[in-house]
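Structures for review follow.
You will see subunit A twice below: alongside subunit B first, and alongside subunit C after that.
And then the complex of A and B:
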């Protein structure tokens, strides 16, 4: 596990040029995610936002190697605390999963086994990585449930998944991710099913973990108020690519990509009741049927000929912060 | 609760309750080990009235675990009531003939909170959406593909998705397939449980606009369960707020957002419409405080409370509590025309 190129402390998670394809029986594979790169330092929160179907969940699943056939990582690198994960055997991945990197899946039901009680889920997660007895594991489990905002954790330990409301299930899965204090937590729409008061408690726990145990977070969400509250940096995805990334404050206040701008205009809180809601005209392209030039061009109000011909590259236009990059021939200036 | 008394609601629940017996309520076990009585029956919905008229959109919001999904399933007829009555156009559904019952079942459709588990993983999108309307003879088999394509387009999905199975879809694509499936049989009532939760804000707006159109064109009645108060406010005519199995406040959407009576509603509104800004978070990092800038009427998360404990179920957490809140449970009563609230403070305003 030595790597001569690493001198300083490596970031908690470094993803470089990740490509994810979907294999097909009788045809060439489809590229679903193309060239995603980001880094998250210890104690930092990276938010991934973007179009529904743009590849956020595929990316999230691929980080701890949880993707399954026909999904495949065709290219790129995922380094967890400096250690390359791509190409590692399943046994090695299983050791880091749940202990160094944990994931909260978008569909909480799939993460819970219907024939196991909440207690079993948590205790097994703990005991898979730590040599402690059931009683000790049980009290850790209870503490994790409480930290995930579950009232009456002792009673909920005995519950079966189907007895819990959507939001409670969601919090059980969050507790499973927290319980071993991993270096990186990947959360895919982890708070979408939760009401604002519970959501606020969980976000407070995220802030506490980021500051206290220096946990790094990759937080996938559609909710910009969540991004505003917890994210240090943000990646905006559209049609399998990152179209804008940079410091969260800057991207939210001065979105440079026309897609980011259009998306921000659709936020419900910015709209008036009694009218039709603002939406982006047209629909996103399907994977495998990307437009030739810029993938947003068919829906972009700024599109010109070059946009329909040449794919724009992710770059930092003059006058913008170094860490802020945008994939557009004609980015919006602040 | 009806603002137009001359018109019968399509669907109405009267004093509806739903309890769940958990595993620990097995009689024998309880007799042998009385301590297990401590976690007896879950009262998910308690004595609740709700009416839905044609062309009306009612938004149901509330804390997680407050019983929204259960109430939605009672309205949709997906779950039997354990108390009270469900009516279709003023008739108790138990009195309907079997043909009428079938018709009601088709007329009332539900979109489930968990799209993943609600869709049969073996079926393609084409079958998932197109099968029911053919079976129920709403369209001919020959018209199926065209109808599926039309529905996909309405919910903002590419027709190219028809041959995919649920596992091959993103979360937001799956939830829109569920919606298209419910709409395929031309329902008169649609009960949608968190229909926009996993959608990006643009697709969210598109789905919201579709629902508004359907209400306009077909006088569809909608019950929308959502934790996103900002979004349901844009959609709904009236809002109902649920807490601990009961509706604690109901009224016009603007009244509930601008002039809520109930402290729990006030807490929800504050949290949903608080403008969080970057500087607040930076301060939070230095002084460890986030939300204490404003005085929240409700403090902390929901806590365990015995079902038979007297008084208001919020009394331990409510900054507005009065002496009588510990003694008597407040009843839902009219505080203004069409606006009901269940709080002892109401009688003092």
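And then the complex of A and C:
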């Protein structure tokens, strides 16, 4: 990420100061996501971590402009390979969706149309973006299935979605995302619905793909063990804001925000056997009902008066790595 | 699929048998047709002779079994009033009704599905809301009233269209039909529209509801995320998915159009099967009533079978379930 060569070519995806609001009929719009910024280079994996309601899925859908009324991007910039997407007309966005930026949704059981064969899904995705005949598209489709780690791709191509297992279906969805060799794949909780062994296989595949095909991944998850496995960089979101971001190894080893720290302590595998598993007291605030001051303050064991009064800024305190930032008045020192 | 189809056919035959018993007994209970068939001044002996000639002096089970035996040979009896075979009497009237039903179905489906889809895609738009509101109004208004209103406006006030009757003087592919001439179409227009209105409203609402549900599904979101064109999403990811439920509704409603267009046919003096049924009921023409109702059962059974097979072709999950 600090490689000098990357600064010459634009990053695969650069998001700056993204604000997402939810319009309301007879009231001021609610701000659901506030000032999110990150960049992902080719072949990198960025994980966005947060609980439900933290704004991570809204962010994911907004990247290729897939948010729908009443959700709106009120401010900010999303640059895909250096090209600004915000403000582009729908027709222009349609050209990049599925070709330069692809999305993998959470539930593989519903992401495929039950009345279309696997082949139709892949071929229509290819032919929406490239003027090639059906046969050529078919062989590309087969190659994509193979790349997504599906055995016997020729046979799977003829299958109906209901004939495949959850793991295979998610691989088909990933193949669909890969098929036009996009610069960025956004995966929203893509392994959450799968059992642990299948999840592990899929993550291995994603790692291989990121390194092998130089595809950038934005991996949305609530699970820090996934971050541990595949992420190069990580954004931790809480109540619509990034509360901590930086290189994954750095954040995992030296979590500076009390929220990140608390999340890490919730993972069973990181705890000594015999110790009671941690949990975070209280529940996250609802969209629009953000507390004044620091949004985590009501649940924070370290909160003092200033936390409840002044909203903290995202910054890099002394003694921390440059690329590591935290939104806290009193960050945890390792 | 072969086994499934056999089961379906066996079920259909049983339905037919049960219906024939029901219809036969019900008609028997309504009254003795002899009193209507003989002249009022006829004496007891003449009445008995007439009853004997028609087989009405036998006990009900015997009458039924006789009827069943004849029916299996394709003979549903002769009309008491015209003495022509009941099936012939009905088949003479069938083209008029089929033509009317077909025209109404084309209007209802041809307008209903696009309007329903559009209302769902433009959900919340004032024009979409207006369409749905009118659709609700459409099936709140009784058919006969709509029919009278049409006559008032287009026949009485504007004098554009004839107020009733059928003109099937022109032929199309050897079939004498009102679809082949302007005169015929002018006669067909109002009955078809008034018959179509209720179905149109229904199809708009059903299509709208199914589309709204489908648009919320993940696979449609995923299709958008893959950059597919709106036309492709509409055809492959919405219409194909709502096809099976929609076909079920359309199939049943088409059956209802053919079998129960009585009111419309009466208002517009359309010489179809519906009016035949009313006449037959008025004269207690038992063979015609029974034959008519049994034909209706056959019609619905055939439509259901066709819809089932069409749904199997659309939805692979159904094939799986039936194949096992």
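By definition in this document, the second predicted complex is superposed on the first by the 300 of 334 C-alpha atoms of A that agree within 3 Å, B and C clash if a C-alpha of one lies under 4 Å from a C-alpha of the other, contacts with A are read in each partner's own complex, and residues count from 1 in each chain.
Heads up, the rule we're going with is that a contact is a pair of C-beta atoms (placed from the backbone, for glycine too) under 8 Å apart; a residue touches a chain by one contact, two chains touch by 3 or more.
Keep in mind that what you see is a predicted model, and the values were worked out from it rather than measured.
**Student:** If you stack the two complexes on chain A, which partner ends up touching A:242: first (subunit B), second (subunit C), both, or neither?
**Tutor:** neither
**Student:** Regarding the shared-chain residue A:115, is it in contact with subunit B (first), subunit C (second), both, or neither?
**Tutor:** In the superposition, A:115 touches subunit C alone.
**Student:** Output check: A:256 vs subunit B and subunit C. Expected answer is one of first, second, both, neither. What do you get?
**Tutor:** neither
**Student:** Looking at A:97, would you say it contacts subunit B, subunit C, both, or neither? Reply first, second, both or neither.
**Tutor:** Only subunit C; A:97 stays clear of subunit B.
**Student:** In the superposed arrangement, does A:160 touch subunit B (first), subunit C (second), both or neither?
**Tutor:** Both: A:160 reaches subunit B and subunit C.
**Student:** Now for A:107: first (subunit B), second (subunit C), both, or neither, which partner does it touch?
**Tutor:** A:107 sits against subunit B and subunit C alike.
**Student:** Is the number of subunit A residues in contact higher for subunit B or for subunit C?
**Tutor:** Of subunit B and subunit C, B contacts more residues of subunit A.
**Student:** Does the superposition put A:64 against subunit B (first), subunit C (second), both, or neither?
**Tutor:** In the superposed model, A:64 contacts subunit C only, not subunit B.
**Student:** Go through subunit A and flag every residue that touches subunit B in one model and subunit C in the other.
**Tutor:** In subunit A, positions 107, 110, 160, 163 sit in both the subunit B and subunit C interfaces.
**Student:** Would you tell me which residues of subunit B are touching subunit A in their complex?
**Tutor:** Touch residues, subunit B against subunit A: 20, 22-24, 39, 42, 61-65, 69, 113-117, 156-158, 160-161, 169-173, 194, 197-206, 208-209, 212, 227-231, 233-234, 253-254, 267-268, 271-273, 276-278, 281, 284-285, 290-291, 298, 301-304.
**Student:** Which residues, counting only subunit A, touch subunit B once they are in their complex?
**Tutor:** So the residues of subunit A in touch with subunit B come to 49-53, 56-57, 106-110, 149, 151-152, 155, 158-160, 163-168, 171, 188-189, 192-201, 204, 207, 211, 222, 224-225, 228-230, 249, 262-263, 266-269, 271-273, 276-280, 283, 285-286, 289.
**Student:** Give every residue of subunit C touching subunit A within the complex, in rising order.
**Tutor:** Its residues touching subunit A are 217-219, 221-229, 232, 236-237, 240-241, 243, 314-317, 320.
**Student:** Enumerate the contact residues on subunit A facing subunit C in the complex.
**Tutor:** 64, 66, 94-99, 102-103, 105, 107, 110-116, 120, 124-125, 128-129, 160, 162-163, 173, 176
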